Amino acid sequence: MGWHGKILRVDLSKGTCKAEDLNQEWARNYLGQRGLATKYLCEETDPKVDPLSPDNKLIFATGPLTGSMASTGGRYSVITKGPLTNCIACSNSGGYWGAELKFAGWDMVILEGKSKKPVYLFISDDEATLMPADDLWGKSVWETEPTIKARLQDPQIRVTSIGRAGENGVLYAGIINDLHRAAGRSGVGAVMGSKNLKAIAVRGTKGDKPHDPKAFMEATVAGKKVLAENAVTGQGLPTYGTQVLMNVINEIGAMPTRNWREVQFDGAAAISGEAMHEPRKSDGKANLVTNQACFGCTIACGRISKIDEEHFTVKTKPEYWHASGGVEYEAAWALGSDTGIDDLEALTYANYLCNEDGFDPISFGATVAAAMELYEMGAITDKDTGGIELKFGSVEALTTLTELTAKGEGFGKEIGLGSKRLCEKYGHPDLSMTVKGQEFPAYDARGIQGMGLTYATSNRGACHLRSYTVASEVMGIPEKTDPLVTDGKAGLVMAFQDATAVVDSSGLCVFVTFAWSMEDIAPQIQAACEGDWSVENLLLTGERIWNLERKYNLSAGMTAKDDTLPKRLLKEAAKTGPAKGKVNDLGKMLPEYYELRGWTTEGVPTNETLDRLAL
Amino acid sequence: MKHVILGAGPGGVIAAETLSKQGHGGAITLVGDEPEPPYSRMAIPYLLSDIIDESGTYLRKNPDHYEKLGIDRLQARASGIDTKKGRVALDNGKELPYDRLLIATGSSATTPPIEGLDGPGVHHCWTLEDTRHILKSIEPGSEVLLMGAGFVACIILNGLVKRGAKVTAIVRGPRMVRSMMTETAGGMIKRWCGEKGIRVLTETNATRVTHDGGLKVDLDNSETMNPALIIVAVGVKPNMDFIDGSGIETDYGILVDNHMQTNIEGIFATGDVAQGLDFSSGGRSVHAIQPTASEHGRIAALNMAGVPATYKGSLLMNVLDTVGLIATSFGQWQGAKGGDHAEAVDEDHYKYLRLEFEEDRLVGACSVGITQHVGAVRGLIQSRTRLGHWKKRLVQDPTRFMEAYLGSTQPVG
Amino acid sequence: MIRALQIEPVKCTGCLQCEMACSYEKEGVFNPAKSRIKVFNFHEEGRMVPYTCTQCAEAWCLHACPVDAIRLDAETGAKIVVDVLCVGCKVCTIACPFGTINYNASAGVVVKCDLCDGDPECAKACPTEAITYVDADWTGLERMRDWADKTANEQPQA
Amino acid sequence: MKITLKLFALLGRYLPKDATGNEAVLDLAEGTTAGEALHHVGVPGDLAHLVLVNGVYLAPSERSGKVLTEGDALAAWPPVAGG
């Protein structure tokens, strides 16, 4: 079927749950998940809405391949207007929750209004019920999930929930499912918290069936073979996870360090994927316990770590001595390189806390890094921090702030608002390493030029997951391009953006694209769904989704002025490495990009473009 | 060597098959007093529900099954045993000589001493013959008075409801299935029955039944009913009257040792009639349940065939489907002396689980609404597995029993 | 040569491809809730453990079945539920001490692993060889048997 | 001539015994090329997917022509990616 054709609409203000038919025409035009839910959001809400008001909506959406045998077919996305960026927010997560929603017979859940009291939603196949959550409010994700499972007496129930960060309005609060998989970015968890919705628990026993089972099995078996035989998806990712990048990116001089003052981090090796495999000096055990897959994934890049019990961060806290989701590259970078910290165990602990209370380690780490710079220059004082010595490299500062941010206490409250608001408050807006209010991920745009354009034009604010040109510029996937030149990058970014929009709307994980081309993906979608899902139509769909998001942002008040980078990347040259002396040359790439997109010089899609895309 | 097996229920049949497989070289005679091929009482509710026909209740489906294994079947009822001469007296006047005897005569449904309850229109639901009577007596809209709310009463409810009967169940005691479920679980089942349109009256008894122009039942709550049919399901008792004077030791049932042998050499007993080793208490109990009958049958037959086999005791366990609500109980579900427990109750969703521990070992359990992996509860109890740190986790969430089972018995980390 | 499913938890990544393959083969839909093999996630230990029927020699389910609905497949050694004979009484589900035969309420019968006629889909779908179908002698069967003895209601004779 | 050899991920197994972490100092004859240096420690050519000299990418076709000089950092990875 691909789609069940059924969506669940929950009015939290009225306390009602209703089933309704999926708009099949929209499904044909927007595929699913990211694209389809964005269409719903655009049709149903005012783009100028206050993200944290009851008028904003929060959509949990699966793709047609979610809950299927396609490798990585377990993703879901949360779509809403983001409080961190005031742009469209779309955060994607793996784990098992998305597939479970599909097995319960639903394509998506639209949540509107605001509950008077804390509630959680329990979906058991066709039945959806709002349950009181007064006693869950104030609890972490790690308490909420097992409590709900025990209360409903079914260990097989899957839960997605917010921790205290989402309740406390941390603007980059995420939504966490299966204890450590996150719809992490853009503050979707804060929106959930603003609606007094603590969690969505799902048990699905109805299952799912592709439109053409025989063709689907053939296509997915072929796809899995490609992943298994590819060195990246078959060996590199399962063994080292995304953390294999730490040394690569550092070596090419694109490792943002100490709030992007530098582009190489001398502690990179100590917090790298390789280091996670090494026996620790202290107890002889490796930080990494095993790799883990999300639902349906035959790559299995997830890191499961265990912190050294003797490490000072957890020595007196046995509740953190168990295994859980370890650091991925972005988290290791933000919590580590960006703050100048090279203590892998401390980063793992901070990462645990981010999962436990549901907030994005990228935005959090980057905000701490900005605060450290402000502190070192004297713009923030001990009085502001409550006595925390916010020096680069201070493990104590990082772990204390992680705990305070989770709880919404002290200086943690300010850290919880993100680096843009922090830097504005303390008089140095230029030191906020953000685009559209969202913190950068782990690739310096001076050493990887294409990523500058990626960040500047990303519809959800600075992000690597909207067009991961690192694949081409650094790793040579699908073809090697020079990271230090701007030629051809506009087209590259655009192609990556459109293809990623397709993958994000399908139920698949974007990591498949390290091995799969659209030619590998199309037959799987085609067999799962009715309609025309040729490569050509898929790419057109991707472009349509991108332009729809752009339209939403323009209506929300964004302009071409927001498609920019912080001064540091445009004016301060890299000090070391291959990019030494270089800044990001966004000015060269952006006009070319607008033109390729069929947008005006003001970054507005022309009528011709809109017509072509049936928008 | 002549092997005689009295009773053609699961215990008797499995014993006969086991003897046959052992290749003892002698004769096997399986004696049953009902005309049908050996069948299972466990299947009767499904006959009532029209899921199967009578042949669906048969223990073995192949008509040649017994013949092929060299098992002679004889329809008769034992009326006495001469242990000196090694002969069983039958109700047809014949005598059956034996070298080894297995008493697997099972149990019968009992009738409480209530005036008029022995008249027409009153049936048990224990045999195929009973079932035929019931099926003849009810049609859509018929009012049925079910006396009893125990295991048997509960499992036949679905069939009665499905046939369109309007059922009122009365029970003397304060709750349903009190012999296998806790108060909370019994209450849940009662509420569920109510939701399915079944009237359940606890602490209620019939005082008199009259038959003038249809059934009339007086209840002690001063209500009077005119049911089309009364089904009596208040309990069972071992069928062992015929051994009176034989010298075979009895208590509640026939006492057997851990080889399933009675006090008299060469005479064994199994199943509902046997009072054998109780896994939980270490004493001897009658566990009138299907798994015990089949285990008993196998162990007894091995010993009869000269293959020494020692029984470790039967574990009380039941699974109950009350109009779709599934409940189980295992072992010491009421708790062990000095033990502790974990409990989860979700009245809204009809879910319940109680685990009983002795130190860090599971010794009993009782559940409602849980169908997946329940066998692992038995596994944990019967292996006397030390749960270690899993006990704490089970106290927090008893529904993680399958993980606890794997975590305690498999290499998980 | 009888073959058996060999399960090596250390290799399992928890992707659930086995559950999908099983439910697809047996039920015609992707539906882990109806899979005969189940992966248990031991989060705190960082270990995923696939588990299904070991087709034990004791065959508790088979012995407990009151209506002869569980049969031995002589070729594969699998204990197989004959759907048309199963009345759904669930006695086997409490009798099996491994918890690997379960009641499927929507079908009204019990379900268990039947080794897919000697070509188990779970093993074929496993991307990491955590589940393989190998000669019975090679498996951890000895360990399983030890445990079965511990659980058995019959004492091993000296 | 001394250079720093860095072998990462699954190529780590080709590091000399005296390596610290993923780095080792190699003493090579003047004029040694990047390709020869990798061959010297036994890295199979098809496994060295990403080869950098001082952080700058070296295409497979350039490896045999790129002469190393004192103090160079030669780094190599098998095919990897992340995100």
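Letters A, B, C and D mark the chains as written, and numbering starts fresh at 1 in each.
The rule we apply is simple: contacts are C-beta pairs under 8 Å (C-beta built on N, C-alpha and C of every residue); 3 or more make two chains touch, one makes a residue touch a chain.
Please read these numbers as outputs of a predicted model, since none were measured by experiment.
K.L.:
Just the chain pair, please, that has the highest number of C-beta contacts.
P.N.:
B-C
K.L.:
Per-chain Cα mean versus the mean over all protein Cα atoms: which chain has them closest together?
P.N.:
Per-chain C-alpha centroids compared to the overall one single out C.
K.L.:
By mean C-alpha position, what chain is farthest away from chain C?
P.N.:
Of all chains, D has its centre farthest from that of chain C.
K.L.:
Roughly how many whole angstrom separate the Cα centroids of chain B and chain D?
P.N.:
75
K.L.:
Using CA atom averages as chain centres, what separation in Å is found between chain A and chain B?
P.N.:
Whole-Å distance between the two chain centres: 57.
K.L.:
Hey, how far is the Cα centre of chain C from the one of chain D, in Å?
P.N.:
Centre-to-centre distance between chain C and chain D: 50 Å.
K.L.:
Measuring from the mean C-alpha position of chain A to the mean C-alpha position of chain D, what distance in angstrom results?
P.N.:
Inter-chain centre distance comes to 34 Å.
K.L.:
What are the residue numbers in chain D that touch two or more other chains?
P.N.:
Counting only residues that touch two or more other chains, chain D contributes none.
K.L.:
Do you know which chain C residues sit against two or more other chains?
P.N.:
Residue numbers touching two or more other chains: 45-47.
K.L.:
Could you list which residues of chain B touch at least two other chains?
P.N.:
372, 402-403, 413 - these are the residues of chain B that touch more than one other chain.
K.L.:
Judged by the touch rule stated earlier, which pairs of chains are there in contact?
P.N.:
Listed by label, chains in contact pair as A-B, A-C, A-D, B-C.
K.L.:
Considering only the defined contacts, which chain C positions touch chain A in the complex?
P.N.:
Chain C residues touching chain A: 10, 13-17, 20-21, 23-24, 27-34, 43-48, 125, 127-128.
K.L.:
Quick one: in the complex, what on chain A touches chain B?
P.N.:
Touching chain B from chain A are residues 146, 149-156, 323.
K.L.:
Show which residues of chain B lie in contact with chain C when the two form their complex.
P.N.:
10, 14, 40-43, 45-46, 51-52, 56-61, 279, 290-291, 294-295, 298-299, 308-315, 317-319, 321, 324, 326, 328, 330, 371-379, 382-383, 402-403, 405-407, 409-413
K.L.:
Where on chain D is chain A touching in the complex?
P.N.:
Contact set of chain D toward chain A: 6, 8-10, 12, 21-23, 49-50, 52, 54-57, 59, 73, 75, 77-83.
K.L.:
Once bound in the complex, which stretches of chain B touch chain A?
P.N.:
Contact set of chain B toward chain A: 344, 346, 349, 351-353, 369-370, 372, 396-397, 399-400, 402-403, 413.
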